[in-house]
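What follows is a structure written as structure tokens; I'll ask about it next.
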């Protein structure tokens, strides 16, 4: 493994030319939210927009439609047929990437939707939060993961997926085995986020700040990685760029706000991080 | 055709004197929105306000009333009689210009309202988004276009209107024929937006940035052109000023935000573009 | 009459000492709003807060409660018993000033409430917008005006109150007669707002900008005058301070935003105007 | 007693190390809100986030859910089972601190919830606003206070708790007796806020500005003290840090906004106060 301090990050980004259009910047969807937990979807969606997606859709329960539209005019909102949770079949053609889980809850309907996505969505897919919790409740779904899947657990979600870990070395080993077994990529969030690729290679991210340890920080990461995937990055670059700029944006935001930093501050700092590393 | 790089843009703007009142700055209405697609109306309406309209009305479905009022206090909201779509008869006297289409959907009720507007509204009229899609579904409505109509399609909407285009020269030719046949003005949005006037003259706009290729950018343009029309600009000047400042505001916004630029950033940059070109 | 250019404005303001509390800064209420026209109440209420009121209440229809609370956390919202309009009896003890009319509509219920206020509220009272329109529909209510009443019509509302005016001199004369007859103060809004006091003295305000001629500008003035009245200013000073700082805040806002200036920009500039004139 | 002017404030703060996570920064809940009075909860919750809490929950009536989620994406919202008030049993395990009262109203259901909290919640507890009013209506609940309880009355709420006070010395004496009797800490808000500890020691806070005397200022303090308690501060330090930074943030905000300062300005200035005193 090695520590990634951003060396060469600029080159990992796609360049866009003068005649790029919305389609080139990608069409992504975030799926999640439940009654009282819509904020997570607000942050993931806003982060995807700030990361550069051309079109961002949010699939949320009906109770979230007005909330999202009031806060983010640029967002296309796809209402669930249910008032308080997402659910049912997945039928959204033409998406370049999908991020599932923020604030989604663990209800049966949400579970059914996740299962449907795992079986049928073939593009790049990010699983976070309750999508991970539902996954660990249904270990027979693990085989539906694959090279197009990125999991972004924090420590507790990770242990639900792979079982209790004795120490940090055990965690690293379990992450490596998990990714090799299921062919997926895994972002284990923490003070030094650990990225594990399907071939077992591991990278610690060096950017970030202790002041990012607050509610919504993870939702922002989900939106960022989903956005880069939708912009056509190969998975390795999408994950490295997402994790690194997330941490760096958090450093920029917290240099002024310290422990008063909130997740929306990180979102607003994303473009500053792009500017800092001369990302086009 | 020629490239318009803003030379003489200041002179194309109306001057307002010290004793101008709300009426002089015009009274415009935006019509559109549907369940889950209210954000487009938020952006068009906010853009019209920032472009200088004295009074901006938004006619939206009931589900959009609270969303618009929460976000834009200056907006007068005219609720549709329907919960999730606009529709019915058009009866709004005293408007100086009308912009129709953002987020409107293609339902029968919306179609009926558009048809009614095309037949009965005699002032300057901007058609965008689903208004264009409905129009291309009803080619017998083309004859209702005229010298007061401005169409703002992107490439796909354009081809729905005029049929598939072989290449860029074909597009230019088809745009010229369309405008000559129907006596209207057409803004074909793209990296270099092409404006075609009723007499067949064509102008490529030189301002803009690839980072404007994201959701809502077109809605902002609709609001800007509608606003200038409502301020009493002749159509040629309204279109040139709208397209040019839209692009220039996008340049200003994206110089700091790069691919993190979102449509509301463009709106906020409109006054900076006015200041840059010393527009009063 | 004379032109007021702000000379001595600082001295017209109340001073507050170190041990002032919420009560000293006053307790005011704005009354108005109707379905689709809640924005006017948002602006009047926000303006009252920015002008310095200790506590601001807004009495609005039920459809406005969520809108106001989402946008202005500092506001205390008093819901009408009706969904789409205010109405009924007035029963709000302990108010230092009351502003009535923004977005209120002209329904029977709103009319009944206004009538009740005119008969029973004894503190300083500002009437604007639909409150003025209702008043001109009921000339027998004119006798309920008095030394505690401030009317803030624009030109059309003024002519509804006093009849058509031949020219500017006629307007001045009719304003003087109206204020002498009914013992009230009148602010005739325009490029140079004309203030008429009960004794017939008249003052033209010299601050302001043509770019303030847009929707909501008048609602902001209503909030400002109501706020100063609630802070315990005598009526003459409240009116002069309200009108002058409103215009000056508009100048400050529009120096950067020009015709892109919207009413909420004026609100945000109020504290800058206080700072500029060293108002404590 | 002595005046606290911030000497040594930096040392009273907890340090957080590089590997801190959300849990270290604490998990707090604010409880309150009622129909028309949701803004108080918005301000208390936002203040808790800006003060550094890792996770902030708000328990509010159903009518407040959308309002809070639209305004504060980082907030986890826990809906009451009732539309217009909180109520019922308290069952929220795992909280590091609890703040009760902002905008809560004095209904029977809210009273039942407060009583349940007083009897069963064992962590640090802040009581404000209507929680104090309910408490003074039920003097037999005083014995449920204790060393983990902080009361934050303004003058009127204080007199409801302890009876009328003849003068300032009487107030100091009654506060000392109250805190000794019930083993709690009390913050008597005013121009120089008086803090009384369970041992009877008293401290006057020297920070603050007369321009903080406006609606919502107290709600901000509630959120700040609750946040520090949840971050694991001992009660004395949480109270001193909360009261001092609240006043100092108000000074920073009002230096620019003067009497136009509103409570959300204080919230936005909290991180600046941390930076000024080099709080990590």
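The chains carry the letters A, B, C and D, assigned in the order they are written, with residues numbered from 1 in each.
Everything that follows uses one rule, which is that contacts are C-beta pairs under 8 Å (C-beta built on N, C-alpha and C of every residue); 3 or more make two chains touch, one makes a residue touch a chain.
Since the structure is predicted, the reported quantities are computational estimates derived from the model, not experimental observations.
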- [ ] Would you kindly count the fewest steps from subunit B to subunit C, each step being a jump to a chain that touches the current one?
- [x] 1
Task: Fitted rotation between subunit A and its twin subunit D in degrees, CA, nearest 5 - done: 90
Task: Equivalent interface positions on subunit A and subunit B, same or different at half - done: different
- [ ] If we define chain centres by averaging CA atoms, which chain lands farthest from subunit A? Would you check?
- [x] C
Task: Centroid distance [mean C-alpha coordinates] between subunit B and subunit A, Å - done: 34
Open item on the list: Centroid from C-alpha atoms only, then distance subunit B to subunit D, rounded to Å. What do you get?
Closed with: 49
Task: subunit D residues counted as touching two or more neighbouring chains - done: 66, 70
Task: Touching chain combinations (by label order) - done: A-B, A-D, B-C, C-D
TODO: Using the touch definition up top, name the residues of subunit C that touch subunit D in the complex.
DONE: 16-22, 24-25, 49-56, 65-66, 69-70, 72-79, 270-271, 274-275, 279-280
- [ ] Spell out the part of subunit C that touches subunit B in their complex, as residue ranges.
- [x] 35-40, 42-43, 46, 63-64, 66-67, 70-71, 154-155, 190-191, 210-211, 213-216, 256-264
